[in-house]
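Below are two complexes that have subunit A in common, paired first with subunit B and then with subunit C.
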Partner chain A sequence: MKPAGAPILLSDSLTITRGRQKRFNVSNLRPRTRVPFLIDSVRIQAVAGEGGAPAGAGGDLSFRGLIALSFNLGERVPLTNGFVPQWLLSPARQATVEFGGFVHWVFSRPLYVPSTMPLFADVILNANYASAASITVNIAYAGRILDRDTKAPVTVDVPFVSGWDSTSNLVGQQNPGNNDLWNPLQTPVCVQGLVGRIQALNGSADGDDTTTVQLWSPGGTEITRGPVQWRDAFPRLTTMLPWSGVLQPGDYFQARLQTALSAAYRPMLSYVGYRPVVLGG
Partner chain B sequence: MPAPSSIVFASAFTGIKNGQSNMPDDSDAFTNRYPFDLLVDELRFSWTSGINYTQFALANPQGTLWGDVVRCRLKFGRVGLTDGFVPVSLLAPVRDWAFQAPEPLTAATELPSSWVWRFPKPLYLPAGQKLLIEMGNFNDWTLPASNFGFATLTARVSMQCRPSQGPAPSMIDLPYAAKFLGQIWGGGSVQPGQEPSTSEISTPTDLYNPFSVPMQVERFTLNTLASSPFTGLLTPIVDGLEQSVVAGGTDRFGMNWGLDRRYVTARMVTADGFPVIRDYVPVGSVFSANDRSWLVNVPLDANDYFILDLVEQMPVNDNGNYFLARVNMGMIGCWQAQLAAALSV
Partner chain C sequence: MPATYRVGVRRSAGSPAGVPVSLVAQLPLNPDESGAMPLDTLRNSTDLPMEIHGMRWTIDAQIPEYRLTVGETGSVTNASLAIGSLIEASLSVGETQLTAQQVPLYLFGRSDAEDIAQVPVGGKVTSETSRGSYCSGIWRFDYPMRLMPGEAISAQLQHKGLVQGGPAVTTLAFVGRAIGRGSRMAPRRFPYVAPFAPPAIDASTASSTAPIIITSTERDLVNKSGKSIVVHRFVGRCATLNFPFFTITNFPNFNIDWVFPPQQFQTSTNNAFTDPAQSLVLLSMRSSDGIATISNPTAFRQVFEPNSRSWECTHILPPDSYYIAQFTINSGLTGYIQPAMAMIGYQGELR
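Take a look at the complex of A and B:
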């Protein structure tokens, strides 16, 4: 088999503690030879490090929303609006297996990565509880190697996710702002849907999804006619509310939580989409 | 009368003894007896152990020994569609966790498991021709077979088809499943708390294209089977996350509940040494935990192959209780052959 066209899986892992931000070693996340490649999906898995899971974390279960990542193609093409909780990057595929802290972000279109622009990944552990214990996070890019002489496409479809993490249960005080579910870019984003998750801080499972939420699209049009239960907007099977449209620069989605959550839950929202980027421009 | 839009052929394979294989109870069950040609879209497998879950239970193939011992061999004309007997769990990704990793229902409930192999491309089955299907029950684990209901197995296979439109093609697409079956490792003279490391490498004829034409590899699949001679919950020292280890456990009935994602690492290269998985990576980052497969869609030259290189550990608790495990990997694809050549005996 020739190298060009061969599947490739590039991976790196690191250990983090609460509040620490770290960057994965980018030399492990790019081919050793200077060739472009395509990334079909990003796989993220987190396991408790030496000494077990952080106190109160309930094992791997609660890593899902507490680990947040930031991706940037080169220095100036972001795939995320800052740090986004890992399970907001993509709709759920098999909720059962998320118990292992595994997230599979499948790009709707393969991402072309030039040999000169690595895809940087940074991670942070946004746990509410104090703990000195560590978590090992492994990240992998799965895709295909391209021939060295492959002509770069004029435009590249680059995924984009912007998320909101309540970080607490203070309903009424903690709703997404104008700079959360928004488009911070200079170009429009083609939005494919909204993802909603509720983190159970005791790590037992998904949080209480009977709380009600009301959603508005950019311009103030109601997405939900009045408040609906979280699980009706974001069913556990997919956690996604389909929404197709273009989000112009500066536009944003609005959301209001209407029902008080108990102290143990932490709701989170994101929109997922992509936009064409001229890499040389 | 117009041809039906879909047709299902099915048969049971009753009483497959441990270490043996059976042909279908109805020897003509998978013969196209219609006056027109068919396209086979998928095969569906199910099996039961004949015992209820209070004894061991689920015929759960995901991560348990069931994912290893239930194997099939397929032939179309004179062409093998599998590399000998291949564990059914390697033929396709996990599509439905509810039935491929089912939870127990109630006591004394015999719960069948199922697996669906949707071919990369439909298989053309001319009128009068048959698909040869053989189901096997191969248990080479040191754990007593009776503990797991492997003494006798009943399997069922159904073949989902539809009429083929148009004239017979000269070239047809044939699915193919290659396999790497790892060694059973773990246990032995383990010391409490120690997690001895094992390594193994596939051979050039494991993840191999045996044909004289290129094969389109659709995906790799993986199933790590884990079990233990001990009962109850086993808490590895390293991460402190308990796992139910065997029959009678209170939780997952001995399945590999994500153990391999942290304890098994893999590298892979092409036959020319080009890295596919460059560094040792936990298999959980290679094979999506969602479907236990890696979709690649790449061509593999004639007689070309991949080499898999594994470094594995399994946890041991502070009482010296341990897991046994085996890592199996499949390579699923399809290739093209002349219809006449495939059928000539």
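Take a look at the complex of A and C:
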């Protein structure tokens, strides 16, 4: 079979301060000629300061889950359930010290983007970020450009991520609500797994993985038999618990987290998957 | 008729049986010297075809291990260490060129999620450290390359002089299996690599008003095979040479090419975990048929995913087609940097 299209990488960057929300310039995130294209992956990199490189001084400047993004195809086909912390978008090796985090959301199936429907990307920097100074967030879509007369597919597999951010220091027991790890769509979502991350409240360090977690699939079936150590469920190499199944509209995953009363960390969970969408004319 | 495409690559099936084989050759080269690997050591001397699955390379710059203790006085000389761009290679099988020109060894293939082309720091930082002179990598072919009885892989190497002193010994090992008699032969395909690897540049003079711009030519990232090829990926490396890893007195500088640090430190004297060149070197690219492949200058590490150093983008490249890549540096970086990239794919039957 003939490989599709010539490679293309579209990028944009913006500066943002804590508590603010901004949208990337969609003109930079679509081909200059109005043709359909495929997106294989989204790359997100945030650095302190404006337009600079990660600082070389000692210290950890990764933003972890303090940066959250929302993606919408043509403003009517969401790829995320609202804003999802960047590091929940995709399983990834848990890095050590990072100067300016890098997130690589690889789509399990290339996303077909029609010429008439750009992929909008919005970003929020959490108010808990320690500094009032601005940061720079860079985004890039890597994919392939298609011929103008490429026949559009009837259905498109659109990635979907729904995330839960505990938003506060976890002390004792905490549970995501029924509207956190749920399917808000009108169509079922094919789930590929759950991603789990823990950070300090202001993102200045990784969280303590002595936290225990208990997970249930829709319908109440146990995913973990009782509470398990966080790293047993979400190992550092992948940060992902594979789970294959279908999440019907309105269904949700349940979780219960428990940590020592002296600990104060901010856990986050998401499920990643995709669903077929009829884009229409 | 509108074109329709499917995404994916179909791999050829082959006989499940086969004796593992390894064709190994070694060559010492002095700085700036060129030479050829012994041809007979990379020859299929059997009467069975071989399937070569990949190439493994090592460079040993043979710098004696040096132990430095904190508080030790005196300067450290010959601080440079081996790195994958120390040696460049041109490869061919008979009249089929596997490389468009000389390729730095660490541009052959994806990285394996770790920094395999730099020397890890050993020992304890607070008390002593040692440094070596060895680096290695693996190039896994997307399709096995068939080597018929009597055929040989020709490898021409050049030492680029990044490390001075004694000879650097390069070892190449082509590994695979011998195919049994009567096995069904898959279509014959050869890997293809075309690089853009400019010399190291002094990046410390770059500024936003006077950026350093390096542009490739039509002879770099080009399909010279005479037929259409399939390009599977672009691989990118951005090495910083003689980088002051620590500001501790008498600590040696390093040649580094890493995006994520291999170890976790939090000392105030540490001034480099992520190589800043990966973010400050920008890349833009266009194809010979006018497509703006990367229209906005984009940070190196955003183009080449950090763990694998690659941008996976399978596509067909017609004969004599090429990409023009441009590296731009707007801000001052410490010392010399060496950005480079290559396109990697295969030639032969494309189906």
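Convention: the second predicted complex is superposed on the first by the 237 of 281 C-alpha atoms of A that agree within 3 Å, B and C clash if a C-alpha of one lies under 4 Å from a C-alpha of the other, contacts with A are read in each partner's own complex, and residues count from 1 in each chain.
Keep this in mind: a residue touches a chain if its C-beta (ideal position, glycine included) is under 8 Å from a C-beta of that chain, and two chains touch if they have at least 3 such contacts.
On a predicted model such as this, the values are computed, not experimentally measured, just so you know.
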(message) I'd like to know which partner A:Ser11 touches here: subunit B for first, subunit C for second, both or neither.
(response) both
(request) Pick one for A:Asp147: touches subunit B only (first), subunit C only (second), both, or neither. (result) second
(message) Quick check for you: in the superposed arrangement, does A:Pro110 touch first (subunit B), second (subunit C), both or neither?
(response) second
(message) By residue count, which of the two partners contacts subunit A more extensively, subunit B or subunit C?
(response) C
(request) Could you look at A:Glu75 and tell me whether it touches subunit B, subunit C, both or neither (first, second, both, neither)? (result) neither
(request) Identify the partner contact of A:Leu38: answer first if only subunit B is touched, second if only subunit C is, both if each is, neither if none is. (result) second
(request) Considering only the touch criterion stated at the top, classify A:Phe102 as touching first (subunit B), second (subunit C), both, or neither. (result) both
(message) Does any part of subunit A touch subunit B in one structure and subunit C in the other, and if so which residues?
(response) 1, 3, 5-11, 28, 32, 40-41, 43, 45, 47, 52-53, 59-60, 93, 96-97, 99-100, 102, 104, 138, 140, 142, 144
(request) Spell out the part of subunit A that touches subunit C in their complex, as residue ranges. (result) 1-12, 28, 31-32, 38, 40-41, 43, 45, 47, 52-54, 56-60, 93, 95-100, 102, 104, 109-110, 138, 140, 142-147, 149-151
(message) Quick check on the complex: what are the subunit A residues that touch subunit B?
(response) 1, 3, 5-11, 13, 28, 32, 40-41, 43, 45, 47-53, 59-60, 93-94, 96-97, 99-100, 102, 104, 138-140, 142, 144
(message) Taking the touch rule as given, give the residues of subunit C at its contact with subunit A in the complex, in rising order.
(response) 2-10, 113, 230-231, 234, 259-274, 276, 279-280, 285, 287, 289, 291-296, 298-299, 301-303, 305-307, 311-316, 331
(message) Taking the touch rule as given, give the residues of subunit B at its contact with subunit A in the complex, in rising order.
(response) 94, 97, 101, 238-241, 257-258, 261-262, 268, 270-272, 274-279, 281-282, 284-286, 288-291, 294-296, 298-301, 304
